[in-house]
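What follows is one structure encoded as structure tokens, with my remarks underneath.
Chain lettering (A, B, C and D) follows the sequence in which the chains are written, and residue indices restart at 1 in each chain.
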Amino acid sequence: MIKKIINNPKKVAEEALHGLNLAYQGKTILLSNASAIVKTTIHDQKVALLVGGGSGHEPLFAGFVGTNLADGAVCGNVFAAPSPDQILAATQAVNRGKGVLYLYGNYAGDNMNFDIAAELATAMDIPTKSIRIWDDVASAPLEKIEERRGIAGDLFVIKIAGASASSAANLEELTRITTKARDNIRSMGVAVSPGSIPETGEPTFEIGEDEIEIGMGLHGEPGVAREKMMPANVLVDVMMEHILTDLPFVAGDEVCLLVNNLGATTMMELLIANTRIREILADKEISVYDTLVGSYCTSQEMAGFSISLMKLDNELKKYYDMPADSLALIKR
Amino acid sequence: MIKKIINNPKKVAEEALHGLNLAYQGKTILLSNASAIVKTTIHDQKVALLVGGGSGHEPLFAGFVGTNLADGAVCGNVFAAPSPDQILAATQAVNRGKGVLYLYGNYAGDNMNFDIAAELATAMDIPTKSIRIWDDVASAPLEKIEERRGIAGDLFVIKIAGASASSAANLEELTRITTKARDNIRSMGVAVSPGSIPETGEPTFEIGEDEIEIGMGLHGEPGVAREKMMPANVLVDVMMEHILTDLPFVAGDEVCLLVNNLGATTMMELLIANTRIREILADKEISVYDTLVGSYCTSQEMAGFSISLMKLDNELKKYYDMPADSLALIKR
Amino acid sequence: MAVNSLSLEQVKDLFVFISSHMIESKDMLTHADQAIGDGDHGIGMARGFEAVAEKLDSGDFSSVADIFRSVGFTLLASIGGASGAIFGSFFIGASNGLKDCSKLDSPAFARCLQAGLEMVKIRGKAKVGDKTMVDALEPAAQAAQANKEKSLDEITLLTSQAAESGKENTKNLIATTGKAKTLGERSLGHPDPGAISMSLILRFTHEHIQGLSNEM
Amino acid sequence: MAVNSLSLEQVKDLFVFISSHMIESKDMLTHADQAIGDGDHGIGMARGFEAVAEKLDSGDFSSVADIFRSVGFTLLASIGGASGAIFGSFFIGASNGLKDCSKLDSPAFARCLQAGLEMVKIRGKAKVGDKTMVDALEPAAQAAQANKEKSLDEITLLTSQAAESGKENTKNLIATTGKAKTLGERSLGHPDPGAISMSLILRFTHEHIQGLSNEM
């Protein structure tokens, strides 16, 4: 039984969202079903952005609700997509007559639940579009990109979508820009020790004392290989090879870089990895427009990290540069 | 041997600072001794703010260098204060003729090394002042406040000092305001599992499978009691009792709240704690001006968290409200 | 004595029975999901059937189809994740096979499995061989279709057996959908958690009806 | 045969000897700090004496005092933490007791411990009983003072023994300073890591001189 500082294992998602809403200091409200927060103020006629997914990945998703970011986030139980009625309630709460973009990770549960919600919304005359994030290069070959999982690249998609949603003329325009952001991102994760689900207290996977999983997913899903521990630089080389050759990223490209903590890894390790990442990118003549290092998309207390790159063009850069304000992502 | 994603255990502090400097995207430079970063641009005649301490607490200290924050950060090895010559080099790099405020946690090593550096700086006609942060109520009784340790309250002191340093007329004025911030902060931490030092790979302390250390320090120093695991709400009640009665915080007070991850604790747990913290504060009629939840001051992969409160007055609020920009603390 | 049909009240009892047994299966299902998924399947199913039990307790139902629809919407609303959508869709779909039925007899049972299967396929697009609950459900629906002239205890025994062997067969499949997908060959040897749930639901259905039959 | 003094070159050799043995003591010192501190004392001391060994290898020294001062500044610059300041200050202070000495004899040795102790106290403000390296150093400095007429092998044996028993006595003390402070009674039974280092430095000093004496 893994020790956690909680009250009721069945109520962690709900109690956490409550605490998150309080931390927003009045900038958000918690819906009465206790599974979504939405911005207190959403302007009339604004095209709305709703993000969401299972809980347990905090600060994703609810930490990214705010100015020039998401209008709302709907959160399921730990590692479980929210249900259609939860999504629908959040949809109604954020809709300002211009429709709602659903933005979420590409998992069977999320896909089906958001699809059902979209059907229900349509029946209520709320137009919706859905974009599934599939940045994880470890989860399926490029030919089957629509089978890939969404991991920390979510952050960049939400940043661009949120900025774009503030000025987009309509849902189609927001969808176009967000799709471009999604398509320009590639990520890959590794893990050295598991997380755990509060309700069982059991580790999400088993791994040897000297092993590392290359390509680990956000819920403990396996990746491309399980190997013996290796020096950080060698590991980063492997990860970057997968990421760079996939889009591919080439000389002259300009990228945003996210070195994301999956949970229990020290920031020291992330920074050591960053040193190597920058060596590789410099070597390939890929320039780094901005860098984020920290815990943005976690898998409970899993130890490991992921690297995400988003290739920029002028339009994406414009939206990336817009200020943003939320609990877990702030940009001046 | 605890698994870490590193290259050379002896070089973690150096490689991490290198990666951190790169993540700053040109806004900082790494001094040639590889143990300090300073802002690329520090205005002439600015009163300078230098923070620092042992490494291993990332993002503290070097993650808080930036606009309206610290002008530089000097970083020792893991859990070891920087040496006088490292501090002196950073002092010279940030000084713009108006002197330098040293701001650091109250530990024997930091105190002595910064004192020696101050003596050397004086000999070079660089005026310095020193403020030792001692927010940890668990580490000594109130009568011996100058023996208390500095923990996550550092963040608030740096925020206020950094904002004040941007406009302070002189070193004395900066010292006065920073001292007030320091004196208005109280913190307390708890831990359920240890961190480890990369060079030994061994845990920083031992703790039973069902135990929690109340009052845990930033390097694994013991606190006020070791107890059996308890529900989050009961634990928060205990922590808040220690914190609130110490200053004391009273009805009508307005505070900033930091729920800080000591490393491997999930954000879910921090948020659940936040729910209870807010109940208690509401009950005591203490209002919360702002809330920060996340990893600001860690102890490697220690699992646990701390609560810090800073009591505001109009002057502190003015400085708290100023925008700030750094790797790990951004305020719009 | 053979049971040939269940009244509205008896269908309610059936779901009370299924619910309590699915809740008891929580740890077993979670362990199955730990092996090849994210380890939450039992948690979700138990949460779902707790909600169903509550709903049954408080609800007034106008028809057998209404009970199935309520069970479906309750699962859909309370489980979340893949299984909420799939098992919710199954029961909502199943209710379509029960239109205008005042009781649940064998032909209705066969239509109900078939209609549930169709809805699951519309929602999830999985087919037999993808290592999902469809591998338990489709053979069960076929068995029901082939035996719809038999008594309710017989048809539920045969569907339960078909689902069970379909579930067993998922051990030999490589997952192509859901969170076990990237496991590839590592998913071999482990049954699909959703297939276990589906075969359990059908097994508990049979056990409950067998119990009624023994009482008579 | 008794050794009565060390030449500049021999003092250099002495520090080479001390350095290599302090580096070897790394794990033991770290374990001592794990028990009541933050577990890095051996890491710091080893890093410091590695830097000293390098410095000795490359440096040209004008006097015995110059060697002590260099050792002090090297430790100060390379260790960091409490021990960097304290052991750095000790050797820098010690060099003040060696002004104008062309060799290290027993009276100089006694002055050097005393001057080092004074500098440590100025820097760290700890006194005997606070459970720090002062608990090893102060009795050693007193023993040296009392035996400064004896040969260098004798005086170093006596100071080493005094430091050793001072260090042993730290087991009975409750820490009032440094990271062990909040341990309170839990620090009882464990010796102070810095006191171990101090007594080791004095023990290695004696061992080296004993070795010279045996060679003669």
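By definition in this document, contacts are C-beta pairs under 8 Å (C-beta built on N, C-alpha and C of every residue); 3 or more make two chains touch, one makes a residue touch a chain.
Small disclaimer: the values here were computed from a predicted structure and weren't measured.
Trainee: Moving only from a chain to one it touches, give the least number of moves from chain C to chain D.
Mentor: When the steps are counted carefully, the minimum from chain C to chain D is 3.
Trainee: Just how many steps, at minimum, does a route from chain A to chain D need if it may pass only between touching chains?
Mentor: The least step count works out to 2.
Trainee: By mean C-alpha coordinates, which chain is most distant from chain C?
Mentor: Result for max centroid distance from chain C is chain D.
Trainee: Averaged over CA atoms, how far is the centre of chain A from the centre of chain C? Could you give it in whole Å?
Mentor: 33
Trainee: Can you give the whole-Å distance between the Cα centres of chain A and chain B?
Mentor: Taking the mean C-alpha position of each chain, the two centres sit 28 Å apart.
Trainee: Between chain B and chain C, what distance separates the C-alpha centroids? Give it in angstrom.
Mentor: Centre separation, chain B to chain C: 55 Å.
Trainee: Do you know which chain B residues sit against two or more other chains?
Mentor: Not one residue of chain B touches more than one other chain, so the list is empty.
Trainee: List, in ascending order, every residue of chain C touching at least 2 other chains.
Mentor: Counting only residues that touch two or more other chains, chain C contributes none.
Trainee: Chains as vertices, touching pairs as edges: which of line, ring, star, complete or other describes this one?
Mentor: If you draw each chain as a dot and join those that touch, you get an open line.
Trainee: Throw together a list of every chain pair that touches.
Mentor: A-B, A-C, B-D
Trainee: Note which residues of chain B are touching chain A in the complex, please.
Mentor: Where chain B meets chain A, its residues are 3-7, 12-13, 15-20, 22-25, 55-56, 58-59, 63, 67, 190, 192-193, 195, 198, 209-210, 212, 229, 231-233, 235, 259, 261, 263-275, 278, 288-295, 298, 300-301, 303, 305, 323, 325, 327-328, 330-332.
Trainee: Per the contact definition, I'd like the list of chain C residues that touch chain A in the complex.
Mentor: By the definition above, chain C touches chain A via 27, 30, 34, 37-40, 43-44, 47, 76-86, 89, 123-124, 177-184, 186.
Trainee: Along chain B, where are the residues that touch chain D in the complex?
Mentor: Where chain B meets chain D, its residues are 10, 54, 76-86, 107-109, 112-113, 115-116, 138-140, 147, 149, 197, 199-200, 202, 204-205, 215, 217, 219-223.
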